[in-house]
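There are two complexes below, and they share subunit A, which is joined by subunit B in the first and by subunit C in the second.
After this line comes the complex of A and B, so read on.
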C-alpha cells in the first residue's frame, strides 16, 4: 500500500496538499458545496418547525436539540459527499488523479480532509442559526466548549467513511440514493454516540461530563476502526 | 469452475449436501421436539412445574411458553451472524485474488444472511410482543439486528445498481467487509450509550440447566447445518446457471 514503491515522505505531503488545495480553490471559485449544504441545512430547519409546530408550549426543543442537529448534519453531509465526488467523476478529475503517480491513500486522505473542512464550516454556520431559531427559551446548562469537540469527532467519521462510500455510490446508477442506503446504517453507531455526547453538552445535568466523554470515547473508537478499514479498502475501490 | 466435482472422504459434494440437509432436518426436529416435550420452563434459575404467582398473578407453565422460542430464535440469530462472516471472508479473498467465484460465494453468503436475519427479526418481534408487551423496542439486540438487516439490504441495492461485473464485485466486497466490521460496533455502542427512554433489560440468572442445554445445542447444530446446506445448494444452483449460460453462448456461435 503506501510506500510500496519509492515515494519520499515529503512528496506524499505535497501531493496531499495539492489535492486539498484544488478542492478548496474550486470551492472558493464556485462556492457550490457550502451554499448548497448551507441552504439544505436551512430548509431542514423549516421542516423541524413544521414537525414541532403541534408539540405544544410545554415541549422544550432543547431535549431533542442534539438529535435535530445531527439529523441536519446527516442530510447535509450526504448531499456534500455526493457532490464532492460527482465533481471528481464528471470532470474526469479522479481519472487524471489515478493516472498520475499519486498513492491511493493520499487521494483518500486529501478528499476526506476536504470533505471534513466543508462539513465543519457548514456545521459552524448551522449551529448559531439553529440556536437562534429553536433554543432562545431557557438557559444553556451544559459546557459550550464541548460542542466543537463532538462535532469534530463526529465529522471525522462521517467524512472518512463517507468519502469511501461516496466514491462507490457515484459510480452506481442510483448515486445519491445508493449513498443514503449505505451511509445511514454504517453511520448509525457513530451518530448514536454523537447524539448522546451532544445532548450531554447541551443539557448538562447529572453526570453529563461522564456521559460526554464516554460518547466521545465511543466515537473515537468508531473513527479509528472505520477509518482504518476505509483507508485499507479505498485502494481497491478507487481503482475499480 | 465446476464446484460439483470436489470430493471429500470419498463422497461427492452433492452427497454431502444431502447428508447435511438430512442431518439438519433430524437435528432441528429433535431440538424442537425436546423443546416442547422435555425441556422444563425455568424462571430465575429454578424449574417451574406448578402454579406460580408472579407479580400477584398466578401463572402456569404454559404462560411461560415464550421461553420456547429461545431454542429457535438464538440458533437462527447466531447462524445469521456466522454466515455473514463468510460474506466478509469471501470479500477479502476476492479483493486479494480477483476471482469471480469468491464474489459469487460472498453474494450467496449474504443471501443466506438475509434469510436468517429476517427470520431472527420475525421471531424476535414475536417474543418481544409476548414478553415485553410491545411489538418493537429500541433495545440493543433488536436495534443491532435492524441495522444489520438494513446493511444486508444495502449490499443488494449496491449490487443491483452497478452493471460492470468487476466493479460490482469489488464494491460489494468492500461494503460487505465494512458492514461486517460495523455490526459488532453497532451492538457495542447501542449497549454502551446511555438511553433514557428504554433501559437495557438485563435478565436475572442466565445459566441453562442440562436438558435445556441439550435442546439448545441440538437446535444450534441443526440450524448451522441447515445454513451451510442452503449456502451450498445456492452455490451449486449458481454454478449450474453459469454453465448453462456458457453453453448457450457456445451454441449461438
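After this line comes the complex of A and C, so read on.
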C-alpha cells in the first residue's frame, strides 16, 4: 500500500494552517494562555500604579510608561510561551507532530504565528488599562497610530525568539528558568528599540517621528535576523 | 532474518552498523540487520537494551551518531521528510491532543499528512476502531483503551507501508487487545511491522522475524521458523539477566 504523496509546497501551506488552527481551537477551548497572560499583565499594571502612587505630582509617569509597558509584556510573554510548547509535550503530541512529513520551519512559523496572535490579544486588553492608569486625558502628546505599529513589530520579535527558545527549553528540567535566562539577553536590542519607539509615540516632542522610525527600523532588522536564524536552526533544535 | 551485510532490494528495513551515543553511553552499538517487506519483526530485550532508541532512529525522531538505516527504501537522515509519509508509529503514549475531539485529532493529522478525502478516511477509521459514537468527545475524557484505539487510527490515517509498534498492548483491556489484534490481522498483508514488546508470548505469536537486543547490541536476529520457542525463551531470559546485571 503506497504512502500519501502531495505537492510539498501545497502541503506545507496546509500544514501551517492546520497547526495554527489547532492551536487557536485549543486555546479558545482551554483559554489557558490568554487568561494567565491577561491576568498577569493586568496585575502588573495595578502594581505599577500602586508603586508610583507615592511619587508625587512632580513626577510624570509618561517618561517611564513605555518601559513599564514593555517590561509587563516581556514577563507576560514568557509565561505564555512556555505554555504553548508544554501543550505539545503532553502525551507525546510533539513527537506525533515531528513524525508527520512536515518541514520543521513550518512548525516554527505556525507556532510563532499562534503565539503572536495570543500576545496581540493580551496587549489589546492591556493597553486600555495602561492608558487609563498612565496616559490620562490631555497628557498624551504623540501619535496614536504609532502604538499598534510598535506593538506589532515588537511582538513579532518576542513571538519568534520566544517560540525558538521555548522549543529549546521544553525538554529541560527548569524550563521556566532556562527560557528567562536565554530570553532577556537575546531580546535586549529589540526591547531597547521598542522602548525608544514607544516613548516617542507617547511623549511626542521634537524629532519624535524620526526617533519612532529609527526604533522601528532596528526592530524590523532584529525581527528579520532572528526569524532567519530560527528558520535555519529550528530543524536542529527540535531534533536535539 | 539474520545479521547481514547484504543489501537485498526487497527489504523494508536495512540497518548497517547503526550507533547512537548519549555522551559516552552507546544506546545503540553497531546494530546491523535486514527485514524483508511484509515481515513482522518482534524486538525483545530488557529495559535499557536500546529498543526504543532503535525505533526513534528508524522513525526519524532521532539522528544516528554513526551507521546508516533505510526504511521503505529511504534513508532515515537524507530522506527523512519523504520517509515520514511511509511510516506510522503506535506507541504506549497515545500521541493525541487531549483538548481536541477524536475527529478533530484525526482531521488534524490527516491535514499534516496531506490525506486526500480526509473526512471519509477519518470516518472509516473511527468506525474501524469502534469510536464513531465518541467522535465529537474530547480525547481527555477517553479511557486508556479508547486512547490506544484512537492512536491506532491516527497511525493508519495515511496508509503507511511500515508500522512501528512500541509496546502497543501496554495497559490495554481485553476488548482493546482484540480490536488491535483484528486491525493488525486486517492490514497484515499490506504492511511491514516492527514491534517492541516485553510480552514474549504475544510477540512470538505475531512475528515472522525476531530480534533480541541487550546493551545496545543485537544478540539474536532470526526468522521465527528457525527459532525453537523453548530455546528462545531461555536465551531471552539469559539476555534479560545480562541486561540488568
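The definition used in the following text is that the second predicted complex is superposed on the first by the 229 of 240 C-alpha atoms of A that agree within 3 Å, B and C clash if a C-alpha of one lies under 4 Å from a C-alpha of the other, contacts with A are read in each partner's own complex, and residues count from 1 in each chain.
Operating definition for what follows: a residue touches a chain if its C-beta (ideal position, glycine included) is under 8 Å from a C-beta of that chain, and two chains touch if they have at least 3 such contacts.
Quantities reported herein were computed from a predicted structural model and do not represent experimental measurements.
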Touched partner set for A:196, first subunit B, second subunit C, both or neither: first
First, second, both or neither for A:233, with subunit B first and subunit C second: first
First, second, both or neither for A:25, with subunit B first and subunit C second: second
Which of subunit B and subunit C A:218 touches, first, second, both or neither: first
Residues on subunit A lying within both footprints (that of subunit B and that of subunit C): none
Subunit C residues within the subunit A interface of the complex: 59-63, 72, 81-82, 84-87, 89, 91, 93-100, 104, 108-109, 111-116, 154, 158-161, 190-191
Contacting residues of subunit B [partner subunit A, same complex]: 95, 147, 150-151, 153-154, 157-158, 161-163, 166-167, 170-171, 173-175, 177-179, 181-182, 185-186, 188-190, 192-194
Residues of subunit A defined as touching subunit C within the complex: 1-6, 8, 10-11, 14-15, 17-19, 22, 25-26, 29-30, 87, 90-93, 95-103, 239
Residue numbers on subunit A that touch subunit B, as the complex places them: 161, 164-165, 168-169, 171-174, 177-178, 181-182, 184-186, 188-190, 192-193, 196, 211, 214-215, 218, 221-222, 225-226, 229-230, 233, 236-237, 240
